[in-house]
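Following are the structures in question.
After this come two complexes, each holding subunit A, first together with subunit B and then together with subunit C.
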Partner chain A sequence: MMPFKPVLLWTDLLIFLLFAGVAAFALYVRRHEHLAASWRRVVRDPAGMAALVVLVAYVAIGLMDSVHFRLPLANHGGETGRYYSAEVLSLLDVVASPLREHVEKTYSAPFATHLYAKEAIVLPDGRRIRGYPRLKYGGAQLAHPERERGPDILYTALAAAGKAALLWALLGYGLVQWLARRQRRSAAAVWAAMWRGGGEIPWRSLLATLGAILLLVFLAIGLGPKYHVLGTDKVGQDVFYQALKSIRTGLVIGTLTTLVMLPFALLLGIMAGYLRGWADDVIQYIYTTLNSIPSVLLIAAAVLIMQVYIESNPDLFDTVAARADIRLLFLCIILGVTSWTGLCRLLRGEALKLRELDYVQAAQAFGVGHWRIISRHILPNVMHIVLISVVMDFSGLVLAEAVLSYVGVGVDPSTQSWGNMINSARLEMAREPMVWWSLLAAFVFMFGLVLAANVFADVVRDAFDPHAEARRIPSAVLSRLFGRRPDGESHG
Partner chain B sequence: MADGGHLLQVERLRTWLASGDAVVRAVDGVSFSLEQNQTFALLGESGCGKSMTALSLMRLLPENGRIVSGSVRLHGQDLTALPEVAMRGVRGRQIGMIFQEPMLSLNPVMPVGEQIAEVLHRHGPVEGRRAVRGRVAELLRAVGIPDAAHRFDAYPFQLSGGMKQRVMIAMSLAGKPDLLIADEPTTALDVTIQAQVLQLMRDLQAASGMSILLITHDLGVVAEMAHRVAVMYAGEIVELADRERFFGAPFHPYSRKLFAALPGWGKRTQKLEVIGGSVPSLTGTFRGCRFAPRCDLVWGLCHEAVPPWREVSPGQWARCHLTEGRRAAPAVAPAGLREAAPVPVAAAGEALLRVEDLRVHFPVHKGVFKRVAALVKAVDGVSLSIQRGRTLALVGESGCGKTTVAKGILQLIRPSGGRVYFAGTELTTLKRSTLRRRRGEFQFIFQDPYASLNPRMPIADIIEEGMVALGVGASKEERHRRIDDILAQVGLSAEARQRYPHEFSGGQRQRVAIARALAVGPKLIICDEPTSALDVSVQAQILNLLKRLQDELGLTYLFITHNLSVVEYLAHDVAVMYLGRIVEQGSAPEVLGRPAHPYTRALLSAVPVIERAAGRPVMRLQGDPPSPLAPPPGCHFHPRCPEALPICSGTEPPLVQISPTHGTRCHLHGPGIS
Partner chain C sequence: MTGYIVRRILYAIPILIGVNLLTFALFFVVNTPDDMARIHLGVKHVTPQAIAKWKREHGYDKPLLLNPGRRGLERFTDTIFYEKSVGMFAFRFGRSDDGRDIGYDIRTRMGPSLAIAVPVFMLGLLVNVSFALLMVFFRGTYLDFWGVVLCVALMSISGLFYIIAGQYLFSKLWHLVPISGFAGGLSAFKFVILPIAIGVVSGIGSGARWYRTIFLEEAGKDYVRTARAKGLSEPRVLFRHVLANAMIPILTGSVVVIPLLFMGSLITESFFGIPGLGSYTIDAINAQDFAIVRAMVFLGSVLYIIGLVLTDISYTLVDPRVRLE
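Right, the complex of A and B next:
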């Protein structure tokens, strides 16, 4: 008998499928030189690689949060069989169980030891006073929080930093040894090259970003169980935990929406451009019409219909998580259905151009069929546009989720998401004294993801855009190549 | 060569470009000087550093380029040492420049007059709107733009290519420069327009006394324009001489190869001379002569020492180890005569392809309901026929409908009218599926080998695609065997199979395109300007290959081109097209030797030639070809025809047979007149 019951939510399934798809694509790229060459340009870019490390950290948390299961309930009084808790947990919940379980009464500020609001406290001697009660978990280990809190935070943080530095040094050492063996050079030479920032892969920026992330992880591990590092919300839940849980929602929206949108955009866009004639007219009218309906209106209508459907069929979903999940999935689908028009338009234009190219005409002169021409000649030659627009759209979709949830047509209120956090912060900002940490936490986490995604998207676009052929060459490379910078040269 | 009196003196100029992690020595020690009122031609194939030299003079190098050493003295002042601010005064004011693509060098959202006025404001002391307009009109008149006063407010899209190039010239003349750099000024233009622009440049030079640095790959243009000629190869000048001496007795083996590679009437029975190999990579240094690996006359010293720059005869300098004695005795025999393949005699009724009254009209839609508002008559009643094993050249300027004829014949565009008989079958009424099965018998070779191969497919897949579609070769193994055979036939090794198009040069890509067409066993191949994107020496290779394939496989070609020397070399029959109609048609000696239609005569006389035959009538066409949207009534050519009769503007001329094989559509040969 298994000690737990695995639960496969719809979005989990799709996320793992997507992950497998990305892995398969990576294998395909390795075998195709013209694709590999472009990706090599991405790999060589220091900013791009730093952004990629940050993205990988986010994705790792998101994937951990996508492994769901239900724990068994303890058997009471000789019941036979196993009963599972109605609460669906994820791997992340288990790893971060101190965060999940340390629920206070209500608001508390980051690193606080007392509640944020005054309450009536019963003293041991029976007197009643109004004051700030101690928190149940935040800084509970301290006898004299006023004196001990500062040093305790400092020592814990230093210890965490020490551990992070140790692990980082170990990883760095392993990397240098591995590279030295692979390149058949001395470890010292490899280290020197890495430190100067030369070489094919920007190891220096990779290691630096990794170091920063390790530091953050160890700080969280060290301080998380002792304090509420980002405070608690109205019902006393740890805000840091909420922000972590929101990562999966953001990633799901950013990636699955694309998955929904791609078939529409690819099929319709290429068909319109390649076939021309009435097919083109029909498709153009469809997306022009769709584009002229305000998308928030469309999304709101669809979400409301969905909500009614879920509520009138409660027996379809056995847990709250499954309900929230289906709503998340439908939000992705609706966002996808309303957002394919931009890419479709781009692809139509590109297909219009490609169909007049000589190699397509040559294929037609051989009597090659339309589908074969589309799949062998048109599709591979528009893939760079698809890739660029998918990566660029990702951050926009993450932000869109926040906006939609704020408006109230986003994810289920029980789903942790940055949008929901911001939505609740709307009231908190109006309180006196102000509760600012929910908003800040959502902002910082979202900012990290979106910034990394944007930087990465820029690098991908530069690498794949055929118009960026005359690439800017860094002046450092120029001066290295030419030895010196001649006088009187103003450009460069 | 040092002397104070030169207008421009370039000494040991080196310009390097960063490319990835390597340095390309694009210009590697170029020295020359230019006198007042002189035209100096820099001649060479693509990638030899001509344009980089010009950009270095203007200090307009791309960001990854640097002048690493050398000097450029204009009136004795070293331009490489000037600060950028002072350089801006030099550009336009002292050195003007015109570029290859007039379509890309004008701002499309600004009236041309204002673009010229901008230059005037920058450099001239012209004050007041009226004065500026007057000066612009004067400039436009000087470059031969009719109705100059009203062209001030015209936008570039309202002007034809030739007109735009004239505007560009007017713009570069606005600052009254002492030196005009013309980088392939006529390469993008048609021959008749090219002749106009070249004449204009000569006239302007005579009037203003400016010097011209002409950059070109066309020996004919050099012969018509230049006083002195420098030949560039792999970043350096290999020969420098006066025009007479250069065209009389080119010294350097590379120069001589360039001449030998030119196709023409006299070489019909021979293979064209080709230059083996390719231009060496310019990323390294050279131990010996850069041309040594491709040179027929190479000897020991060529590989060991860099040849000195020496005066080989008075007024002729070259960078070559060859002495007079060695030069006289060629190391290899000259290219042999072509296998004596007699021109197959045209027998009546043996036509492989017969086109009757082919019409291709494109509707112009307007309004919400896409009503047909007008018809572009791209092809308007073309009839022609080709006998088995012969080559018909279809000649005409761009936009006259040559390519549309080809696509109409191949049924890539369904014709609006007329019939196409291929080996007795009428193609225009065939069903899609029947037509598809027969597509292997007629194939197409495109103009641009860079656009005709899918960059995402390896060569084997590209060639195999047509075979699979047409069911050539029963199994994969059989197809692959055939691909290997055909690659060998077009002169590519079997290793090419797994490589991608970007790994090949232009000439090699064109060979792949030919192999792709051959793989399905065609009888007729339509070649649409297959060599116009290639250098002369590579063009020679492709022409040789096409001729050899015709001899070996008995192929029939419909050869579409605007290059008359290629026609002279390759064609058995010629058809001349003007604005959707064929104006003259006949065997090659008849049409090229005794042209009947004024347009054919104008076309022939517009081609720049190396030896100007005495008494060759010079006939310059005025104006541009009209738009096929609104062709002139009667004979389409009459508005530009110097010999037009009153009847020409009213009645379309009928076909007049001058001989059984030679016909023309011109009233001059009509029964009542001749």
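Right, the complex of A and C next:
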């Protein structure tokens, strides 16, 4: 018998499918030189590499949070089978269980040892006073918080930083040794080249970013169980934990939305451009109509209607998580339906151009069928547009989630998301003194993901877009700015 | 020219019919009036009589498309589709679910929306184009590099952050402007100045970077090299040649949104308590007032299509090669 019952939510399934798809695509790229060449440009860009490392860190947390299961209840009577808790947990919940379980009474500031609100306290000698009561978990190990808190935080942080530095140094050492063996050079030479930022792959930027992430991870591991690093919210939940849980929501909206919209955009866009005639007219009519409805309103209308559907069919969803999950998936589909028009128009234009090219004309003259021409000749030649628009859309979608949740048409209120965090913290703006940490945590986590995605998208666009060459600043200028050797440039 | 505009307007009609049918399908077929009544009555008060009463009061107690109980034209006109959807073409928006005249609300709320949206649009365009020109003028230098870095950072910040941080700094900490609210006439100034400033700042990141890309693309072309070769100064090259030729992509992106300015900004207006169309829409969404949302969807589509026509016309003004036949 299994110690737990796996739960596969719809979005989990799609995430794993997407992950498998990306892995298969990576294998495919490795085998095809013309694709690998463009990706090499992405990997050789220092900014692109740093952004990639940050994105991988976010994705790792998101994937951990996508492995869901239900634990058995402790006291299950009878032998006729186990009963499982109605609460759906994820791997991340288990890893971060101190964060999840350390629930205080209400607000507390980051690193606080006392509550943020005055309450009646019963002293040991039976007197009652009004004051700030101690937190149940935050800094509970301290006997004299006012004296010991500062040194304790400093000591824990230094210990964490030390561990991070040690692991980082080990990784760096391993990398240098491995490179030295592969390139048949001395380790010192490899190290010197790395330090200068030379070489093919920007190891320096990779290591620097990795170091920063390791530091944050170890700080979280060290300080997280002892304090509420980013405070607690109204019902006393750890804000840092909420921000971590929100990563999955952000990633799901950023990726699944485009996954949902891709088949429509690809099929209709290429059909319109390639077949022309009435098919073109119909498809253009469809996307102009959809496009002319303000997207926020279309999303709002669709979400309102979906709410009615969920409310009138409550028996379709067995757990709260399943219900919130189906709402998240619906939101992705709706966002996809409203945002595929732009890509569709781009693909139509490109297909219009491609169908006039000689090789397509030749294929037609040989009597090759339409579907074969589309799949063999048109589709591979528009994939760079698809890729660029998928990465460019990602950050916009993550930001859109926050706005939509604020408007009230975003994810389910029970889903952890940055938008919901901002939305609930906004009501406390008028409080004196202000409760700022929920807002800040949500904005900082969102900023990290969106910034990395934006930088990565830029690098991908430059590597894949043939027109980007014209906009590119000459490499001589870049090398003056960054001290890079011109031969470190992959193009030129 | 006139013929072209007439043709474009005729072309817009099937699109509007499509929008109308789509909203009708979303609001009445997928989600029946019975569902709406249930939502508004709340769980406790749902009885068949209450639903029927609610539907009668709000005019939803008719057949959807065809009324077999009537004769002649009334078979078609005495239906929900005719009363609630077709009327939109004459801008008859009907009454909201709480009984107010939507057309009147829209007319009175347009002003405050425009008081914010128009300055944000004009100032935003000015600031973004100037910043982009500055970066292009100093292209390849540290100024350009850090300008782009700043743009990418600015566009990675959530729009909500600008509003919350702005309100906190200027209203709560420094008490320079009221935190929210609105007043008519000249006193509106102190209420709109902060939303306008925040609107402009939050748009700089993506705007300036987008224009910089356009300008750089133009600046790499042969005629610019020719202009430099014949000895024109760099500012003259930028303003006379690059800027003038970049007008087409600039217009494509900006003219289309001019009519949509009427709709206001959902988020800004709701944060700052501006009684415009944006906050009207948000309130309607939160109150699940389907009549208002339907009206705003239709209005938005009309304005978007007007924007498309205006874009085409504006091409003829800036590009002598474009003739609308």
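One rule holds in what follows: the second predicted complex is superposed on the first by the 463 of 492 C-alpha atoms of A that agree within 3 Å, B and C clash if a C-alpha of one lies under 4 Å from a C-alpha of the other, contacts with A are read in each partner's own complex, and residues count from 1 in each chain.
FYI, a residue touches a chain if its C-beta (ideal position, glycine included) is under 8 Å from a C-beta of that chain, and two chains touch if they have at least 3 such contacts.
Note that this is a predicted model, so its numbers are computed, not measured.
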Subunit B versus subunit C as contact partner of A:Arg376, first or second or both or neither: first
Subunit B versus subunit C as contact partner of A:Ala363, first or second or both or neither: first
Partner chain(s) touched by A:Leu399 [first = subunit B, second = subunit C, both, neither]: second
Partner chain(s) touched by A:Ile305 [first = subunit B, second = subunit C, both, neither]: second
Touched partner set for A:Glu33, first subunit B, second subunit C, both or neither: first
Superposed model, subunit A: greater residue contact from subunit B or subunit C: C
Residues on subunit A lying within both footprints (that of subunit B and that of subunit C): 470, 473, 477, 481
Residue ranges of subunit B in contact with subunit A within the complex: 16, 18, 21-23, 61-64, 66-68, 80-84, 407, 410, 412, 435-437, 439-440, 443-444, 446-448, 451-457, 462, 465-466, 469-470, 500, 502, 513, 516, 520
Residues of subunit C touching subunit A in the complex: 14-15, 18-19, 22-23, 26-27, 30-31, 35-36, 38-39, 139-140, 142, 144-145, 152-153, 155-161, 164, 167-168, 172, 213, 216-217, 220, 260, 263, 266-267, 281-282, 285-286, 288, 290, 293-294, 296-297, 300-301, 304-305
Residues of subunit A defined as touching subunit C within the complex: 285-286, 288-294, 296-298, 300-302, 304-305, 308-309, 311-312, 395, 399, 402-403, 406-409, 418, 422, 426, 429, 434, 439, 443, 446-447, 450-451, 454-455, 458, 467, 470-471, 473-474, 477, 481
Subunit B contact footprint on subunit A (complex, rising order): 33-34, 357-359, 361-369, 372, 376-377, 380-381, 470, 472-473, 477-478, 481-482, 485-492
